[in-house]
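Chains here go by letter, A, B and C, matching the order in which they are written, and residues are numbered from 1 within each.
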Amino acid sequence: MTEEEKKEDDVRVGVFICHCGSNIGGLIDCKGLADYAGTLPGVTHSEDNLYTCSETGLTAIKTAIKENNLNRVVVASCTPRTHEPLFRECVSEAGLNPYLFNFVNIRDQCTWVHMKDAEGAYAKAADLVKMGVAKAEKLEPLDMIKLDINQVGLVIGGGVTGISAALNLSRQGFKTYLIEKEAQLGGRLNNLYKLFPHDIDASEIVNRLISNANNPKNLEVLTSTQIVNIHGFVGNYEVEITQNGNNKTLKVGTIIVAVGSSLLDPKGLFGYNGQNIITQYELEPKLKNNQIKAKDIVMIQCAGSRNDKRPYCSSVCCMTALKNALIIKEKNPDTHISILFRDLYTPGTEYEEYYRKAREKGIIFINYDVDRNPNVEENQVRVYNEYIGEDMLIPYDLLVLSTPLVANTDNKVLAQMLKVPTESNNFFLEAHVKLRPSDFATAGVFIGGSAKWPVDITESIAQGYSAASRASTILSHKTIEVDGATSNLPVYNKNLCSGCEICMKVCPFHAIVKNEDDEIEIIEALCKGCGVCGATCTNQAIVIKHFTDDQIMSEILAYGGK
Amino acid sequence: MEKSSKSALVIGGGIAGIQAALDLADMGIHVDMVEKKPSIGGRMAQLDKTFPTNDCSICILAPKLSECYRHPNITLHAYSEVQKVEGTAGNFTVEILKRARYVKESECINCGLCAEKCPMRVEDEFDRELRKRRAIYMYYLQGVPAIMTIDKEKCLWFTKNACRICEKACEKEAIDFDQQDQTITLNNVGSIVVATGYNLIEDFEKEALNIYGYGKFRNVVTALEFERMECASGPQGGHIKRFSDGVTPKKIAFLQCIGSRSDRYKKYCSSICCMYTTKEAMIAYEHDNSLESYVFYIDMRAGGKGFQSFLRRGASDYNIDYIKSKIAQIDIDKDENPIIVYEDYDDGKIKQLKVDLVVLATCIIPPEGIEDMAKLLGIELNDYNFIKTTPFIPVETSKNGIFTCGCVHEPMDIPRSVTEASGAAARAAEVIRGG
Amino acid sequence: MSFEPKLLGFLCNWCSYAGADLAGVSRIQYPPNMRVIRVMCSGRIDPKFIVQALELGIDGVYVMGCHIGDCHYLEGNYEAVKKYEMTREFLKLVGLDNRIRLDWVSASEGVRFGEVVSKFVNDIKELGPSPLSGDSPDKDLINKVRAIRLAAGSNRMRALVGRERKITEEDNVYGEKYPLEKYKEIMSQAIIEEYERHRILIALEDESKSVKSLASELSVDPSIILEHILTLKGRAQVDFQEIIKNTPIYMRRE
């Protein structure tokens, strides 16, 4: 903090009114407005510029700061949404803390929307300038918040998603740990035969991934390992693990969750018996070992999904059924295969092509409605065909159920350790479905693969890379800097805090925690500055920097004051 | 991580390109982003809302646009095209053609005075030609960079050697009719991400829409047109009106798989239409709670997160009737109300339905100029002219060091495009960092 | 001259402020009565800001944020609703509730921004000037609104509103959820109590008073006043001062 900024009673505000050519100046008297600004308390300099954002205008600001020893700057012009960064940079070049700048919007929200009411627009602009000056007087210099980053990555889960993520991070040059609870890497792939839509052996992919994972110099694979506990926050996590009874702590900067999903227990579904009524996953090893001799095969899609209990589409089952049906048809073209489906899910180019191929190979597709589920009888399936308006009887000697992937039952435990949410089906819930699909709202923790939602191998790999990319945006830096306008529990307010923890509850970013001394602590590096905690704090102890109660109140008073 | 001397090139400034660029830039890698249009934002900027949470598209996109524009590690080349690529993974040399806007970027403040005065009315591409813009224009209101552009093909000065009114109107003296196209050379480009998005079948094969009466019947529109009609900043100000009589439709039919899953046109599935159709019907219902919507579909494809419950909500709360069917033909009555003749798959009967408006979910096709782009980059395309990718690795093209994401290699929704964009960035970083 | 209302708007940075800017870029015209205070999130809007504005004689206050589900900070606008609703309940006590309004305006709704502001201006015009505007507003009403500002800022009210989602949406340790209706009941009760208590505190600012005189001054039943006095004593805000003619007199504590 420089000497000028310190003394509050010595506030010297400079106000710059922009004509923006005729955009503002064409409607209202900018010169008059600048003169008016000059009469406001605290203002020691005011001027009007043709374009304050032009080089001439910026130079005028810098000169005025120096000549008049200004310690606050207000520009009344277009909109802060486009021009605040420019003016902040400008005042900072003149030696002023950028947070001592305040923007007043008199174009986009004034002269442009009151073009037929010059008088009204001027009165509004004058009030806005008055309010802007009042806030400027109360502004305080802020520093960017720096956070040290431990440039080490951790990936939880050694399936295809996790391996892809870990390989990418290590190849980017980061020390990376890959944790797998089973004795070997590979996850679900270890139980599959071939993979759609390219019909490559799953084992081939697994082996390729594992041999890659065992090579890179930065990657440390820890199998038969479980997470015990997780402490810390972005850049500085301490992860307690246990491997064959030995505990140790890994210090990492980011965590990628790639724990995959589980299989639905098929008991009670469509007469499941594990013998001639099995799931697609049980069919895979039988195909591999060439054990399928059945002549009449029926597959039932959405077995246990898209119902009230599990309202989601598992998205991989249609392709799995098609693939397995095609494998069987290839070996025994005489086999009759019928697939009973509701909506066939083969989006995009290759999957739709695969569907066409299946039809061409003579696989029969029969549509059924959720209200009339197929009825499995001994040796035949009774299914109501709406198209012909009556029941069809389809004989089978093998019935295969396409059951959905379900969320792991222990997701909740991990979620609690990481302070991240899960959704109604118990899958992990990302920060934003569309624009932050691989992030959690909690900084430094990322998500990929079927732990988030059922996805196939191709998408799992893409999601693994995606999570790695997001982690890399943090791991690439020794320190990261975040905006200084955060929430804050100042030392002088500590005694006000009652420890009610409501602030912790309303913070969407888990930036507020209770520390070892059982005191509320705001991790400013995690704060995004929304200010909800400040408006909520029961004893008004939390201060929202750059939008303090005092600053906002001063704007209200400047406007409403008589 | 030390700052890399190698940079990345991202081609395409839609949501996929933006995400890839931001990730790379946030890793500390310099990115040059090339966008053909005058502003970045791509298709997502044209959307009113986005499924499955129906948040306002521009609200969530705009912060990303300005982040991209302001990022110290991103150089944005809008209104530009890649014209030459040489070299191999880790060391490409790229030539960019930066087209003249005839407006000085450093001076233009996007005040719009020039456009107000411009006498030329031109079909507005961004609004799917549902309204007119001027020959000097902003690509769209919230566009970034916020700089006007003169449409040389339509400008009276360039076509008839007359006018220059904009020059007089501009108080910043930002108009520069002598501006020239520039060639910019980028050396030491480590990797390239191609994210040039998609076009729609009506852009190049309008005949695919003929049997649905598009172009002949005024009350048959495409889904993207309907999206603009719904948008508060679109040509109808968010008040949906049909073109024959300006009346708000009370009964809308949404027809799926227009040109897609077709033997005659495109065999593949466009992936996103089932979902966006439901979204469009929902928004229309929010505008007018007496609306009835009918969705004519083959298979409802909704595998993404929260998609099934989205459809359920559509049926239960938004008066949407889903009809598994095949469209036979479309006609109109004397009031230009479309009449749909279809075969109902539920009972196999041929039926008719009269509606006020028909919305066509048209097929996604590879973007204009993809063949030239592929040649330029030395990458392969697949049978449908989308970028060919490595089996199981959707972000990898046939050439080392060149990655892809989004609809340019397969039709997909925003969540997947963004995921792939980050994935492509991760792989691009690997190459740049020598991994 | 016709009445031109003096209005204040609180706009969130990401949606409504952007929508207001878009109105500008699109040259949507609307009356210039409203001044805008920009905040990052509608969830930042503290009830005391709204009440303070009214107390100063501002004719109407508009709160705007992102549509539900669109919040840049995930759920800030949910919090905004809760705080706004509480403020409204308080203002009902003095008939000023129709001078505040909450709306969601997105970054693409430039036209709508103009429309809703115009409508607000017209509605407030119809309502006429705020009883607190002008040079000499009713002192009693000012004190009432002041009491609301202080009550809304009290620890009890802030805790109640801050906990609403936890109370009504999550199970407590016993696996029980509080029904929203029940919560609302508690809330209304608390609003009246805290309003009256803060009125007492204000009434005791200038001079110490008896329960009886407080009761007639505030038009509240003496037994209720007495209960409040006891609570306020417990909170160390009021103290017993002396007995005059068999009547205890209470004073305000610093």
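Note that in this section a contact is a pair of C-beta atoms (placed from the backbone, for glycine too) under 8 Å apart; a residue touches a chain by one contact, two chains touch by 3 or more.
Since the structure is predicted, the reported quantities are computational estimates derived from the model, not experimental observations.
Placing every chain at the mean of its C-alpha atoms, the farthest one from chain C is found to be B. Of the two interfaces, A-C and B-C, the higher number of touching C-beta pairs belongs to A-C.
Per-chain CA centroids place chain A at a distance of 23 Å from chain B. A separation of 34 Å divides the Cα centre of chain A from that of chain C.
For this pair, chain B with chain C, the centres built from the Cα atoms lie 45 Å apart. Contacts with at least two other chains are made by residues 53, 55, 60 of chain B.
Shown for chain C are the residues that touch two or more other chains, namely 18, 25, 27, 72. The residues of chain A that reach two or more other chains are 81, 432, listed in rising order.
Across the complex, chain C meets chain B through its residues 14-15, 18, 22, 25-27, 66-67, 69-70, 72, 106-112. Those residues of chain A lying in contact with chain C across their complex are 79-81, 105, 107-110, 112-117, 120-121, 123-124, 127-128, 131, 431-432, 441, 485, 498, 500, 502, 505-506, 508-509, 528-532, 534-540, 544, 547, 549, 552-553, 555-557, 559-562. If you check the complex, the residues on chain C that touch chain A are 4, 6, 8, 13, 17-18, 20-21, 23-25, 27-33, 35-41, 43-46, 48-49, 52-53, 55-58, 72-76, 79, 83, 114, 135, 153, 155, 158-159, 161-163, 165-166.
The part of chain B that touches chain A in the complex is made up of residues 1, 15, 19, 23, 26-28, 50, 52-53, 55, 60-61, 64, 66, 70, 109, 111, 113, 146, 171-172, 261, 267-269, 271, 299-309, 312, 324, 345-348, 382, 384, 386, 391-395, 410-412, 414-416, 418-427, 429-430, 433-435. For chain A in complex with chain B, the touching residues are 20-23, 51, 53, 78, 81-82, 85, 151, 168, 170-173, 195, 198, 200, 205, 216, 306, 311-315, 343-353, 356, 367, 369, 386-389, 423, 427, 432-438, 452-454, 457-459, 461-470, 472-473, 475-477.
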